Structure formats: structure tokens, C-alpha cells
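Labels A, B, C, D, E, F, G and H are assigned to the chains in the order they are written; within every chain, residues are numbered from 1.
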Amino acid sequence: MKPRVLIIMGSDSDLPVMEEAASFLDRFGIPYRMTVASAHRTPERTMRIVRDAEKQGVEVIIAGAGMAAHLPGVIASHTILPVIGVPMDASPLNGLDALLSIVQMPPGIPVATVSIGKAGSRNAAILAAQIIGIKDPGIAGKLRTHRAEMAKEVEARADRITKKP
Amino acid sequence: MKPRVLIIMGSDSDLPVMEEAASFLDRFGIPYRMTVASAHRTPERTMRIVRDAEKQGVEVIIAGAGMAAHLPGVIASHTILPVIGVPMDASPLNGLDALLSIVQMPPGIPVATVSIGKAGSRNAAILAAQIIGIKDPGIAGKLRTHRAEMAKEVEARADRITKKP
Amino acid sequence: MKPRVLIIMGSDSDLPVMEEAASFLDRFGIPYRMTVASAHRTPERTMRIVRDAEKQGVEVIIAGAGMAAHLPGVIASHTILPVIGVPMDASPLNGLDALLSIVQMPPGIPVATVSIGKAGSRNAAILAAQIIGIKDPGIAGKLRTHRAEMAKEVEARADRITKKP
Amino acid sequence: MKPRVLIIMGSDSDLPVMEEAASFLDRFGIPYRMTVASAHRTPERTMRIVRDAEKQGVEVIIAGAGMAAHLPGVIASHTILPVIGVPMDASPLNGLDALLSIVQMPPGIPVATVSIGKAGSRNAAILAAQIIGIKDPGIAGKLRTHRAEMAKEVEARADRITKKP
Amino acid sequence: MKPRVLIIMGSDSDLPVMEEAASFLDRFGIPYRMTVASAHRTPERTMRIVRDAEKQGVEVIIAGAGMAAHLPGVIASHTILPVIGVPMDASPLNGLDALLSIVQMPPGIPVATVSIGKAGSRNAAILAAQIIGIKDPGIAGKLRTHRAEMAKEVEARADRITKKP
Amino acid sequence: MKPRVLIIMGSDSDLPVMEEAASFLDRFGIPYRMTVASAHRTPERTMRIVRDAEKQGVEVIIAGAGMAAHLPGVIASHTILPVIGVPMDASPLNGLDALLSIVQMPPGIPVATVSIGKAGSRNAAILAAQIIGIKDPGIAGKLRTHRAEMAKEVEARADRITKKP
Amino acid sequence: MKPRVLIIMGSDSDLPVMEEAASFLDRFGIPYRMTVASAHRTPERTMRIVRDAEKQGVEVIIAGAGMAAHLPGVIASHTILPVIGVPMDASPLNGLDALLSIVQMPPGIPVATVSIGKAGSRNAAILAAQIIGIKDPGIAGKLRTHRAEMAKEVEARADRITKKP
Amino acid sequence: MKPRVLIIMGSDSDLPVMEEAASFLDRFGIPYRMTVASAHRTPERTMRIVRDAEKQGVEVIIAGAGMAAHLPGVIASHTILPVIGVPMDASPLNGLDALLSIVQMPPGIPVATVSIGKAGSRNAAILAAQIIGIKDPGIAGKLRTHRAEMAKEVEARADRITKKP
């Protein structure tokens, strides 16, 4: 099966966070490739992976990185595919450094930034599904189901804790 | 022509910034609808506009808001279309309040956040085009042309200022 | 007994913090209802609970949420009851994201914001009692008693640690 | 007419911001007293004004202050009336100092904090009206009217700027 | 012996930090009184302690507080003795709230602010000794000895870790 | 007349801010010397001025600096006189850089830090007077007079703006 | 003359700031090339310029960029020459975004970061001279002269403003 | 062997972080001296060590410090050798205080600042090697080898985690 999403992270230490994205793509039945490439330590590898992804028909790229998190922006500079950036909480600055390094892209090359850490990783997968969903009604349907399930889950949890006077 | 993008802003004072998005959608030949709706002052109107947009076949929503900028997240809670959030610099806190209010969405409902202010507004339009580009080769082609033009423009400007010893 | 306060939180993981508010309402003998509703995952449920609360005669709403904490503002947009917002420390940003998302409401729809986390949760209950106290002398009396007790407690603790040369 | 709200500010330089609160109280027909008292330069005066306010039947206190903005908290320590704090943008730190000094009250003495500057000043008046509205149906009615007017105003502005493709 | 310094803290939970100040005053042989008073929960007690301190001949006041740390400023408003403020790291915001609440005093009433937490507590004692040292040559002498000891200690530690190629 | 206070600033561009301190020392009749010395560009000059000050009987040093504001700390490392640090708002970071560089002194060498900019400059002079006041009853008396005048001034201003219903 | 330093900036709008670096290199008689290349809009051009610079014998690269300032890090990933990064104050966030994006480089690829804006641009030139100075005694000599001149200038300015009692 | 690099830290508690720099200098075969000196507690020692280093032919100085981290700037004021500053995460403010105290040097005296903590310590060593590499082809060669090894390591790790659909 050809990958529709490329998940790429700046360091293998980001794996526990980025697996959240992978597990949600699995849930939506969206095939993906997941790998590591450093914007700084392996710039050529990064470029090659992005170009290969474009050729293989990948539709969305999810890139997670911490500190001066250049990976999502560097990837975005090599492709016109939508790039989703996940800031890692990987330095004493609590991910604020990664957030600003990813979201504050100068005019011309956007990165679709989501929240810091695991919440953002999950949201990156859902956003990728939403993007694919504009051309693939099957994925759109799964997103609607997921929304309904989330709502039910909230209600179930609410029932357990609701206190009335 | 049916709109493919909905541009929505929390206040008409955001118009000068959001027109940057509109002008870039014009440049890519992407039809859009642009309007105002406040997440807080007109919650019903916001919901109605989002639902109408879905019915009319809108593919991407761009939402700009400042301060405790809930508009993009509130819109995202009513649709499975990809929602792009543009933080406004509309309070003494320089847009940091809007940025965190937009990007730090809890798991389940993502907002694709771009940079603060005019740069972000332009990038929102480009990101919308990239998203549409995964199903519309014509738009993808225009994005590639735009990239090439940007590169040329940088080079032209570089020529004017380059100093050699 | 009809609830006078509605305690609502964005996620059941906020329960340990929000129980501080509940325990202080118990202390003041103020009946309350406590439940969960997500501004983003269950927008309709949120709206319904707020409207039901208004009908049941609830006088004050306490809403706790973390990250891009839209719940208090979204609730405030659906009611003219006073809404007290409690920012949760639920992301790597230490609750600064929740604080700004709650307090920086645009003109027209206020949220009465208190401190981050458990201190804020307790203060939300006290503030709710103060608001009810302007019409209910019994509650006002209990607040005065509580103030006196707090002062005594500080003095008792001071006695234990006071060192004189 | 007896004042129902006390507006108090730390310095007369805060007047242009605090007049926004006054003008909204006028709009709701809520009588108020407006004065200046510094938590630091006139601690006794501050205490006296607060106690007089309680005796005169004031129901809500709005306190605006900048920098290390202690005024709202100091007032709250002398009364069980609800105190609304408006952080001023009055130092190079853009009001972040005032916001944290007002909102981060320790457990026991809450201050209902609103947004920084003029937006917060207006919201303080609306919040005061909401608090009074829980005992005064006339004020509640005016708040509902104000909400409806705000919504209409947003729609009127939206009409002027809406662009369709 | 009459106290020359008053150490006062907003909560007995600040004791482990403020004991650092006490232990350094002991080291310089400066008699002190140490107690607890809350600017908000016990405003009258705070005032009374400050006035008693003035009467007893206290020369410097050290006040430690966290969150919206009003204690040092409130004390400074009741005395013309120099007040040293120690910001506590007592909330999710890492003491930034306490630092800004203490240091950003408006013109007229200064607080001599030192670093956050234990380092600041020790420095508060040294600063108090420096202030007393301008009238008491004995204390000035002890400060010079302390400086020399610190320098020796750094050199001793340096010797243990110095590596030469 | 021998100077009792040394006012020293990192750059002559700090003069308009530091003159506020000078003018308040004039008001209290405290003789001072005011000069410029850069911790980085003229380290020897800085050291020499500090040592001369000690010899001339200076009792308090006020040091203003911006950016990575090392001047107050460097001065403090060469003297046991109390050093008051005034953070300048002299970079795009609004004085936060100067504030942290001055206040966060490591254990052993305190700097008595006041608020950023002009407010801090005035407060530095008042704090210097308070320190001198512990040995000089004349200065203490002037401080009490100043307090009373400030209170009267606040009351006069309050009269002009007070509005009653 | 062959350039020893390459000055590169992300946008021609950075020119007024980066000319400060150029003017200081002129002062030290260090030949340089100055040009524009965007890490994102012209990634290939950036790479080519860096490689050409290495071939031409450039010894130090100065790179200025704003917002999510990736240019210095991207350049550093393509060369083992020392890269000096100058953060621009080019967004509502006052250059904090650029500072963190430049300085927080992950382990393996350093960028020598200097202060935000014009001060940093000048310091970048001086740092480049210091680096070249370790192999070129002529440049080292000019740096010593510059230091002496700075000290004299501070003293001259000090003379103009020094006030003695 | 004569040291080419001086590693200096403000406190022996910084040793675990600064040993990362030492271990990378070892890896590149660059001889170094490592010691402790406090800008504040031992200003004379600091100056002496810097002057000795210059005389012994040291080419680069690496200085690590936390809190109001003056050490790198103070060292830079006493030498024209390039000084690399490593901000320590040694206070509740997560190293932001140290970062701003090191990087925001005023015009005239640069400090080459690297990232906070261990990542920065390693990068300081690599940057020192890059600086020495402009005159020593052997070191430049080792840097190229190190780059290639880093790239291989990333690829090896990538192989272990890469998932294809």
C-alpha cells in the first residue's frame, strides 16, 4: 500500500510522542511512512525523503521537532505539500522555543502548526485526515464517526463524575 | 462561482490583515467567501455560517481572531473541514495571547495555526491552496509557479544589495 | 435542592482540581451541580447544559479548562450569568496558555478569571459565594466567618514558627 | 441615588481606560461612584473607601491598576464584596506584570480578573451588571438587550465587508 | 536582644525558603524576629506587625511571598524602613508571577527585590547586612570576611575540579 | 559636600531615565555623584569608581543598565555597599532582559532591584533615602513628609475625578 | 580582494540592520561579501552560496534573520565554518521568536548567537573579527585599538554628564 | 601540552553540564584547561585566569553560568579572544534568565551564545573546534568526520524505527 502521509521526526527520542500520530492514522486507516531525519545533521537526507515522498504520492507531511525546530519549515521549503508541524517539549523552555520556531514562518512558506507534544501529535494525525478528507469521502466519514465517538466518550465520563445537589 | 475557501474573522477591525489572505487566494484563482462572525458575540451566526459553508462545498476555512482567540477552535468544533487559524496582534500582549489560544487546542480538534498577523494571513491562503492542491493539479501548478517567482524575486533583490569586496 | 452553582470542566482529568471548588461550596452550604463538557468535543452538550442551568435557576457558573481553554468563554457566550474561569496547568506551558485563553476575552463577553490550578479552583468557589452573597445574607455571613477563620489559622501557624531573638 | 458599583483606580492616569467601565455602567443604568486610591501611597484611604462602600450598600467593586497592581487584591482583603480587577498596560511589560499581580491571588481571597486595558474595563462593567443581574431582573433584561444589539452590530458590519465569489 | 531585622512570610509553607535568610542573619550575628502574616488573609495583623517592628527599632524588613505576591509592597506602604522582597516559586508560573508582583512597584514605594527562591532568601539576608553595615562597622567587617570566605571556597572547589591538558 | 550616593549608568543614553533618581535625591537633600561606566567597555573604570566611592564615604550605589545588564552585579562584586539596580527598557525585549540580568543574582552577591525604567529610577532614589534613613533621622523625616505629600496629591487628584451617582 | 566574511540575510528588509555589521567589518579592514538568501524561499540558493563561500576561502559567516529564523541554522548545517546568527526584531513578538529559533540549536550544529537587532549586528562583526583575530595578529591589533577607543569614548561621555555634589 | 581552550564555569555545580563540552574537546583532540571562577564572588580570580589564558596562547574561551549569568560577558570584557557562553538551567526560570543575561550583550562586547544546558555545552565545544578549524586544517578535518558520523548515526537510528505501510 502506498503511504498517504509521511511522519518524520528530528530525533528518535521524539518517537514516543510521534507514535500518537501514527496510532491515529492507523485508526483512520490511512497508510503512512514514519522515519527520522534531522534538518541540521542530515540536510541532504531530509531533502531526499521529501522528494521521494512527493514522487510516491504522499499527500500530507507531519514533522515533529524540538528546540530550534527547523525541520517542519525546512521540509516545507522543499515541497508544496501541506506540512503539519508538531512542536516537541524537548528543552528547559517547555516547548516554547519549538512552538515559535515552527509557527512563526515568514510569508511565503506556511507550516500548519498544532499544539506542543502528545496532544499536538494526535491532532496532527486528525488534521492530516481532515485534509485528505476533502478528496476522500471515506476518510471524511471516519472523521465524523470519530467526532461522534469523542462526544459519547465525554458524555460517558461526565456521567461517572456528575454530582447533583 | 462556488466558494472553495471561507475566510472568517472575529471583528471587522481584522479586515486589513485578512485581506492579505483574500488577495493571495485571488492570485491563485481560488474563489472564496469572506465574512465576520464572533465566536462570543454571535455564536449562533458562527455555527450557521460554518454549516452553510460545508453544504456549499467549501473545502478549507481560514479564521482570524485576536486576544482570547476562540473563533478558529469554535469553528473547528462544528466541522471536519480543515480550519486554519490566524492569530491577530490585537492586544497589548503582541498576539501571544491569540497564538496560544489558537494553537494549543486539546487533543481531538486541531487548528492549523500560522504566524501572527499579516505574514500569517498570507501563509493561511498559501496553506489553503496547498491543501486544495492535493486534489486539484491546477492549483498545485500555480503553487509551483508562485514558489519559482518568490525565488526569482529574492534573487532580484539580492542582486540589488549584494556587495563584494 | 436546586443547584445555585454549576461547576463544569473540559475534561474529567480536571476533576482533582475542580473538586477543590466543590468542597468549598459544600463548606458554604451552596448546592451545586458538577459535570464535564468539552467546548470542542461536545459543543452542543455544552450549550444545552448552560441553557438548562439558566432554566434551573443556577446563579453562577464555574468553568475549568486547560490548554487553549475556550470552555469558560464559550459558556459565557451562551448566558448572561456570571462565568468564573479556572485556568488548568495542563500542558508544558504551565497554564500560561489557559490563563491567556480565558482572561483575554474581547470586549462584550467577560469571564471572571481566577488563579491557575487548585488555588484558583478554591477561589472560584469563594468568588461564587461572594456573588451570591450580595443577595443572600446567610452566605455573606458564612464568608465573614470564613475570613475570620482564615485569619485565626494564619495566626496559629505564625505562633508555631515565630522566632524572636 | 445610592451607588451600586464602586470604580476605583490606582492613579488618575488610569482614568481614560476606566471611563470605559463608567460609560457601560451608565448604559445599563447602574449608579456608581468613581474615585482614585493607591494601594501603596494611600493604604488608609483605600481601606476607608472600601468600608464606606460596604456601608453605603455598594454591591460590586471594580479596581483598575498597573505594574505591580496590588489595588484589587488589597481591596479584596478588606471586603467580602466581589472585586473585579482590570490590569492596566502601564509599564514596558505590556500589562503582563499587572495581569499576573491581579489574577494570581493566593487561595482565600479571589479577584475576578478581566482582560488588560480598555477591553477589560468594558468587560468589568458588563461583569458587574451580570453579578447584579442575578438579583435584579431589570439589569438582567438590559444585559439580554445588549447581547442582542452586539449580535446585530456584528451582522451589520459583516454585511458591509462580506465578499462572495 | 532587640531584633534589627524582621523576616515575614506570606505563608508558613515559605518557611524552608525563608530559613535560609534566617541562617545567614545568624551567621552575621544580626538579631531578627521571624513570623507569618498574609497581606490578604490578615491585613490588620500585617499592619500591626510592621508598626510594632518600627517601634522596636527594626532597621530592615525582609518579606517573602509567592503568586500575586503583595506582601512586600503592602508592608512597604506602611513603613519607611527599607523592605527587601523575596519572590517565592509557589505556583505553576515558576515564580515569574511573584517576581513581577514584587519588583514592578509603581513610583513612590520601592521594594528592594532579590532573586527567586532560596538564592534570593540568602541574598536578602546579605543585603540586609549591607544596609545595616553602612552604620555598623562590625557588620561591615563580617561582610568583608564573608566575601573573603566565599572567594576561598570557590578557589577550593576550583582546585578539586580544575583539569589541565 | 561629600557624595552619599553614587549614581552610575552603563551608557549616557540612560541619562534621561537616571535623572529621575538624581532629581529625587535633590528633593531629599542627599548629595550624590552621577557618572557613566560600562561594565563591559570600561571594566577597570567601573572598578576604580566603585573603590573611590567607598573611600569617599558613599553609602549607597544606584546603577542603571539595559540589555544584558551586568553593571549593578559587577559593581556589587567589588563592594559591600548596598547596590540598587535599575533595569532599563533599552532593547526590543522591553526591559525583561535587563530585569532578569539584574535581579537573578546568584547566592552571595545581592542587587536590590527596582522596577523597569523611570518608575524604578525614582524608586531607587527613595530606596537609597530609606537606607540612609536608618542612620540619619533627618532623611527619615523627609521620607515621612514625602509620604504624606504623596497621599495628599493622590487625594487632590481623586477629588478632581471623583464621580458620584 | 577575497572575502573573509559572508554576510547573508533572510530578506532585503533586514539590510538596515545588517549594514551595521558591514560597517564594522569595514572599520576592521575585513573584506566581506553581503547578500540575501532565504532559507525557505530559496533553499538551493542558500546552499550554493554557502558552498561557494567555503570554496572562496570565507572564514566566518554572519546570518541575520527574523521570525522563525532558520537561516543561520540551515547555513550551519551545510558548513563547518563558524556561523554567527543575528536575530531580527521583525514580528510582533519583539524578536523573541527569532532569538529562540537561532540560539536553541540541537546538539551537533551550533550557531554563535548574538543580541537582537542592531546591537547584535555590530557584535556579529566584532565577533567575526575576534575569530579571525586568533590567526591574524593584524586584526587582533585592530580589536585592541577598538577596545581602547570604546573605553575613551565612554570616558568622554562620562565627563560631559558627570555631576558632583 | 598547552591548552587551546579554556572552559570556565561559575559554580562547581555546573560541572556535569560543562563536562559535555570537555568530552567533545577530547573527541576532537583539542587540549583544554577547565576551572571554576565566579564573576561575582571572585572577580579578581576571573580576571587573572582570563589574562593567564591569553598569555598561555588559549584561542577560545567557553564560559558556562546560570541565573543572572554575567560570567561570559565579564570574561569578554577582559579579552579579545572569542568567548562562547553556555546558559545554565539553574533557577526556577528554566534558564531564560541565563540566556538573556548572556546573549543580550550591549554593542561592543559580543558573547557567542549557544543553547541552554547540555545541548549548548556540547555545541560550545563544536563551535570552539569550528573557530580553531579556520586556522588548523586537522581540526577542520575532524569536524567533517564528526558531521559524517552524526549523519550515519541518524540514518542508523532511522532504520530501526522506520515504518512503511
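Worth a mention:
Keep this in mind: contacts are C-beta pairs under 8 Å (C-beta built on N, C-alpha and C of every residue); 3 or more make two chains touch, one makes a residue touch a chain.
As the structure is a prediction and not an experimental result, all values here were calculated from the model.
Touching subunit B and subunit G at once are the following chains: A. Here the repeat of A-H among B-G, C-D or E-F is B-G, since over half of its contact pairs match by residue number.
Looking at E-H alongside E-F, one finds more C-beta pairs in contact between the chains of E-F.
With centres defined as mean CA coordinates, subunit G is found 42 Å away from subunit E. Remark: subunit G and subunit H have CA centroids separated by 19 Å (rounded to whole angstrom).
Separation between the centroids of subunit F and subunit H, computed from CA atoms only, is 35 Å.
Subunit B and subunit E have centres, each the mean of its CA atoms, that are 51 Å apart. Multi-chain contact residues of subunit H (touching two or more other chains) are listed as 11, 38, 41, 67-68, 91, 93-94, 96, 103-106, 108-109, 111, 115-116, 119, 147, 150.
Under the contact rule defined at the top, the touching pairs of chains are A-B, A-C, A-G, A-H, B-C, B-D, B-G, C-D, C-E, D-E, D-F, E-F, E-H, F-G, F-H, G-H. The touching residues of subunit C, counted against subunit D in their complex, run 59-60, 80-82, 84, 99, 103-116, 118-119, 122-124, 126-127, 130-135, 140, 143-144, 147, 150.
Across the interface of their complex, subunit D is touched by residues 89, 94-96, 115-117, 119, 147, 150-151, 154-155, 157-158, 160-165 of subunit F.
Residue ranges of subunit H in contact with subunit F, taken from their complex: 10-11, 38-41, 43, 66-68, 70, 73-74, 76-78, 91, 93, 96-97, 100-106, 108-109, 111. The touching residues of subunit A, counted against subunit H in their complex, run 1-3, 11-12, 15, 22, 31-38, 41-42, 45, 67-68, 91-94.
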